[in-house]
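Shared between the two complexes below is chain A, which has chain B as its partner in the first and chain C in the second.
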Partner chain A sequence: MTTATEFAPAPRRSGIKEWIFTTDHKRIGILYLVGAMAAFVVAGIMGLGIRIEQMSPGESGLINYFVGDFAQTMTTGAAYNAALYFHGAAMILAFLIPALTGFAANYLVPLMIGAPDVAFPRINALSLWLFYAAILVALLTFVIPDKPDIMWTGYPPYSITTSANTAFYVFTVHLIGFASILGAVNFLITIIYMRAPGMGWNKMNMFVWTTFGAFVIQIVFVPVLAAAVTLLLLDKYVGTGFFDPTRGGDVLLYQNLFWFYSHPAVYVIFLPAIGLLFDIIATQAKNYIFNYKAAVYGGILGIVVITGEVWVHHLYIAGMPNWISIGMMVTTLLISVPVGLILISLWGTLYKGAITYNVSMWYAVVCLFLILAGGLTGIPLAITSLTVHLSETSFVHAHFHFIMGLMATFAVFAAVYHWFPKMTGRSADIPIAKIAFWFTVIGSQVTFLPLFLIGIKGMPRRYWDYAMFPEFEPYHLIATFGSALVAVGVTLMIVGWIYAAFRGPKVSTNPWNSKSLEWTHTESPPGPGNFQRPVRVDESWTPYNYN
Partner chain B sequence: MQQVVQGEARATHEHHWEVSWAPMAVAFGVMFLIPLAFSAYFVYQRPLLAIICAGIGTPLVLAGVAKWIHEGATQHSAISNVSPVGIGVFIIGEILIFLGLFASYWTMRISSGAAGELWPPAGTPHINLVLPLFMTGLLVASSFTYHYGEHKLNDGRKGWFLVWLLVSIILGAGFLACTAYEYVHLFAEGFVPGTNQYSAAFYSLTGFHGAHVLVGLLAFAAILFGMIVGNVNKMFVKVAGIYWHFVDVIWLFVASQVYYW
Partner chain C sequence: MRTFILSSAACLVVATLTCAILADDAHAQYFRKPASDLDPHIMLIDEEAVLGAKIDGQTLLIDQNGKEFRWAEMLGKPTILVLAYYTCDGSCSLINASLAGLLNDVKIVAPGPDFRILTLSFDRHDNLATTGAFRKHLDLVGPLNDHWTFATFKSEADLAAQTEKIGFKFFWSPEDRVFLHPGAFLFFSPEGRLIRVLYQGSVSGRDVELALLDAKQGQFRPGEVINFALSLCYSYSYQDGKYVLSIPIVIGLGALGIGLATLFGSMLFYKFSTRTKPTKDGSHAEAA
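Showing the complex of A and B:
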């Protein structure tokens, strides 16, 4: 608390300046959400374009319009690759990671631990605007003639030999990566040093724990990705040969460095998503966290420890000695143990709970099933023998979309509905939200279940033309229909959010009767400094003290 | 049980919304200065556009940083005493970047033929091995002088701190001057980043380290500027010192790997 006086408070003016130049964690969080949802919409439109192009084998030419090539100067393949690049890079780097470790962490962590703000508010604002700068660089894809066409992975040698602009990919990663590193510094320090007096490590909200885990992963692994893409930049534009085999470089070196970050990145997304689900489920089921310590020390910290030893399963078919692939198969399968502990806790929290169902809880319950489906389909991919058949098919694509595209995304949606009354003082749980929910959930299953089936039968991923597999056309047609349902659902949902933010029904400060600090100790929305007086919690307090 | 404080008057509560335009200026300045200027020059070969981008970016970054330093010197934060831990966490990230670069270098070395027979690869001129020793001396000495200066500052002797700060800046600048001298000579001999694998590793590692020295020197310049204006932020002095020691230590790894292996 910086300048508290007993005199009359300064009037709480709040114009546009107090928003765009803000260093307040709540407003930074909301600005993160706005930017992340903008990226989600654009990247989602790219995804829709991909599905429309795949509706029939052969060329439709429609994908060119999606990437801004209205004059049809690009080939279908080039346009498709550009759409694929933007969809992947923006969904992961500009939507999921900023929505979970930007929006949710910013808005919730200081409130949940009873702190007035994060440790370094201006560095926090720097992270936010670096993220927006990255989005701007990514959006330039649509205006430059040489659109990046290297997926979100940027594998050499193609990314070095292509005539497309690899630099914008690299700089998008740099800007987001730097924002993540600064975010990690901020949140690790905040969680370690700024918890309210009396709040021990075993009394933190699950979301605070998962954010802690996610940022430990970020600080260790993001820098390696930054190094890898920097070398890619040097290779392409300065003439070095790190990844160029003709000059003594090693293509697999890039893949190793890339996945050394990018598999842990899955857990950077997975952990906070799980944390949000824990807090939503515990609140709506009015129950304590089942096996809290096992979920925290075995589950979350277990993932943090094992996450750095599994990346090679992305390279199985690249060729490697058996002792490496089998060793990495074991570690990859081993990570199901902490994930299993977390899942047991999640389901156990529902057990004997007094469950209230609302839109956020619906999404949360759907997520429980999505984790199961997405996790179990990962096991064949981890096994070195089965993966030979499944690798590079749409089975892989459907598998990770279940975890990242559906589970983590729905966790973000659930969080927005759950904390909407906190952010705005109004409820977003209005009829349009329920309609949107059914469109989104049913549509997403219709989209991805056929892709599992044709993936097993051999449909390659990343192909825009599948004329050699005409028998898959009906499945693609169904999947495209599903993606249209998702598009309707997401549109309704966002319309609902905007409407509810200004016109939604007003609700009380603690509409869910939660025991967590952000609901019990401050008003909605909280003012500057969050709490009217420094928060202190006593012996018997826990955020899940419902019994 | 919880002390429910809802509905109480806000009278005892502070405050206004904190604002600062500095972070936004720095972020967008960086965007113009690095991604856009680099792309204009290297990707699209438009030097004029590159200069314009850099011309927009540089003042934005400088103004943002100046504003930031000014705010840091005048505003107090209840929790700023954790800054040394914050820079520690940041340094973990930095170490991992260097590890990524080292891993690339090691991979090249190991795959370059049995027992490094083919190392250094063809096209490598004679590399002066005395100069890096001298550079190491400069950097290590600057770490000690800065540390000594910090002691003086904590004893309240600002004049001596200023002297030792200046000595550290001169030593650090001398290090960069040696790097520049070395680069100019190697370039003249045709040893550029694209020459061979060794040049790639050499320039990426020493260049990335040199950039860190530059950042450290800029932090020192900021402290110097603050002293002239009459503001010394001891916390910033300490943080800059921790960073400088890190830059110093990592140089020992860079030098031993690049020059003497």
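Showing the complex of A and C:
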């Protein structure tokens, strides 16, 4: 049970100016969601374009239209590379990370820990503006003639020698990186110092724990990526030779620096996504978190500790001494231990639960299978002898789409449906949402399962044409059909959200009968300051106390 | 707050100075101008073409004692090979003496246990007498004397074939009555692959040391952590012909440090800015 003392929130205004200059974490969270979904839609259209271009071998030229080259001045390969760049960079940097650590963390963390806002609200707003500036720079890709074509990795020497615009890539990374660091400072301090009195570390929601882990990774590793891309910028535009072997530079060093951040970045996405699933599943199953402490201290913190030692598996085929590759294979496989603890905990939370199946729970359950499939297909990529054969094939492509793309995206969708009543006072669990779910889930499997198969058979990834592999055409055709289903599903889902926000059925303040503070102690939507009175939790309270 | 700002400023100054000192070492790597207008390529080994090349392990050589041995017997450890001729009255002695001097500065690896040294003549006229005289003239002492082999090719065909394999070009100048040849130290990995070429006159003992670490090709023993770390911190500049500090490594580590510092610095900042301060009546109140 909780007790409270007097608290007087300021009245809320909701003009455009108030939204733009808001320092309210909830509005900032929603603005993050809007920006991230915009990036998701554009990056998704690029993904659709990529699939359409690969529907059959040879040059269709359709991809040029997708990247805004209506005059067809670019070669198909260049247009394909530009689409691939935007799809990868925007999905990871402008959708997944901001949706999870921007939207979800902003909206939920202060509510879950009983805080009136984050520690530094103005810095929080600055972080949002930087994020929007990054999206703007990324979108300019479609306007400038020399569109970036360096994937989201920006590997030299190509990124240095290409005539395309590497600077836009670097500036996007800088802006989003800076936004992430500011967000990390804010949320780590908020979680450490602003929890409601009585809320010990072992009483925090799993999402708060996973956000904590993700932001520790962000704050430690983002500067390394920022440094790497800055050196890339200097090499290309100032003429230095940091990554030029003829001048003592080292091309592989860039890859090391890049993946030193970017593999942990997978966990920056994975952890909050898992946290959302934990909270959704525990609430919808009306159950406590199975093995809470093992999942937190072994799982989440285990990942945070090990994540800095696994990046080299991205470079196995670049050549390295055996003892390094074997050591890194061990650490890469070792991370399956904390991930395993988390998975056991997730599945265990369903055990003997009083499960309510709604759209958010459907997505959450699908995520459980995606983690399993994505995780298991990651094992051969961690093993040095197998990855030699699978590296740079569409098997890798399908693997990371399962574990990172689909799982995390569906976790975001699940979160939006689950907390939609909190954000709007209305339910988004309407018929169109169910139709959208089936389109999206079936479409995503139809898209990526064939890519596993042709990857094993040797289909290279990142090839715009596969005339040399005509036998793969049926698989690409099926995958393209699947991506069209996803496009329909996502369109229906967004239409459903917009409709539900204004016309959806009104629901009570706590429609799921959750025990978590954001449901039990706030209105829907919560007002400024979040809580009518400062929150204090007693010893018997936990957010999962359903027994 | 003032303490935090002052300590942050001090950290920034120290970090900047450290970066400046470390970066200075590698400055030439990025902004070096050509030292001469002469085309030096004729006296250079085309590393791009021959790095990774192997000398045939069955090549028969004859050492200073007249004992025959095969090139394969030199392998299993990094090997420094100097190609010279023993009747040379100019550069060859200088090249070998220079290597001896450089090796005296090498501290972290030792001739014998860690690597081998071989001087091999490319002059088919060299024999035991010229080999011995040349070696004596060098006046080697200590471990260098014990572990430095001087040898000749047994077969003239091998001489031509194997020197060509590793891109070592030489020719006789009738006017000067000398061989013109590169003054190079060739570093071979334990498997016998040519992995680095350094030129006499432009390198230091540290370059030789780093080339020997490079020649180990990552095969460090568990106790050689420092050697391994050292080999990562420097990279070879083909343009300058020597090792330079790898700036991206320094910057990457610095960035990681900044990340950690931001994490702990922001926590300290928040803690100090919200700590309780004593009021006039002696009680404590929240500062923020």
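Methods note: the second predicted complex is superposed on the first by the 534 of 547 C-alpha atoms of A that agree within 3 Å, B and C clash if a C-alpha of one lies under 4 Å from a C-alpha of the other, contacts with A are read in each partner's own complex, and residues count from 1 in each chain.
Simple rule for what comes next: contacts are C-beta pairs under 8 Å (C-beta built on N, C-alpha and C of every residue); 3 or more make two chains touch, one makes a residue touch a chain.
In this text the structure is predicted, and so the values were computed from the model without any measurement.
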Fit or clash between chain C and chain B when superposed on chain A: clash
Contacts of A:L257 with chain B and chain C, given as first, second, both or neither: both
Dominant toucher of chain A (residue count), chain B or chain C: B
Which of chain B and chain C A:E18 touches, first, second, both or neither: first
Contacts of A:N547 with chain B and chain C, given as first, second, both or neither: neither
Touched partner set for A:R27, first chain B, second chain C, both or neither: first
Partner chain(s) touched by A:A119 [first = chain B, second = chain C, both, neither]: both
Contacts of A:V224 with chain B and chain C, given as first, second, both or neither: both
Partner chain in contact with A:I181 - chain B first, chain C second, else both or neither: both
First (chain B), second (chain C), both or neither touched by A:M320: second
Which superposed partner A:T246 touches (first chain B, second chain C, both, neither): second
Colliding stretch - chain B into chain C, listed as 27-35, 45-53, 99-107 or 153-161: 99-107
Overlap of chain C and chain B interfaces on chain A (superposed complexes): 119, 181, 184-185, 188-189, 192-193, 219-224, 226-228, 231, 240-242, 247-250, 253, 257
Sites on chain B touched by chain A in the complex: 1-6, 8, 10-24, 26-28, 30-31, 34-36, 38-39, 42-43, 68, 71, 75-79, 82-83, 85-86, 89-90, 92-101, 103-104, 107-108, 111-112, 121, 192-194, 196-197, 199-200, 203-204
Chain A - residues contacting chain B, complex: 1-6, 8-14, 17-18, 20-24, 27, 116-117, 119-123, 125-126, 128-130, 132-133, 136-137, 146, 165, 167-168, 171, 174-175, 181-182, 184-186, 188-189, 192-194, 219-224, 226-228, 230-231, 234, 237-242, 247-250, 253, 257, 509-510, 515, 520-523, 527-529, 531-533, 536-538, 540-541
For the chain A and chain C complex, residues of the former touching the latter: 119, 181, 184-185, 188-189, 192-193, 216, 219-224, 226-228, 231, 240-243, 245-250, 253-254, 256-257, 260, 320-321, 323-324
Contact footprint of chain A on chain C as seen in their complex: 26, 29-30, 217-220, 235-240, 243-244, 246-249, 251-252, 254-256, 258-260, 262-263, 266-267, 270-271, 274
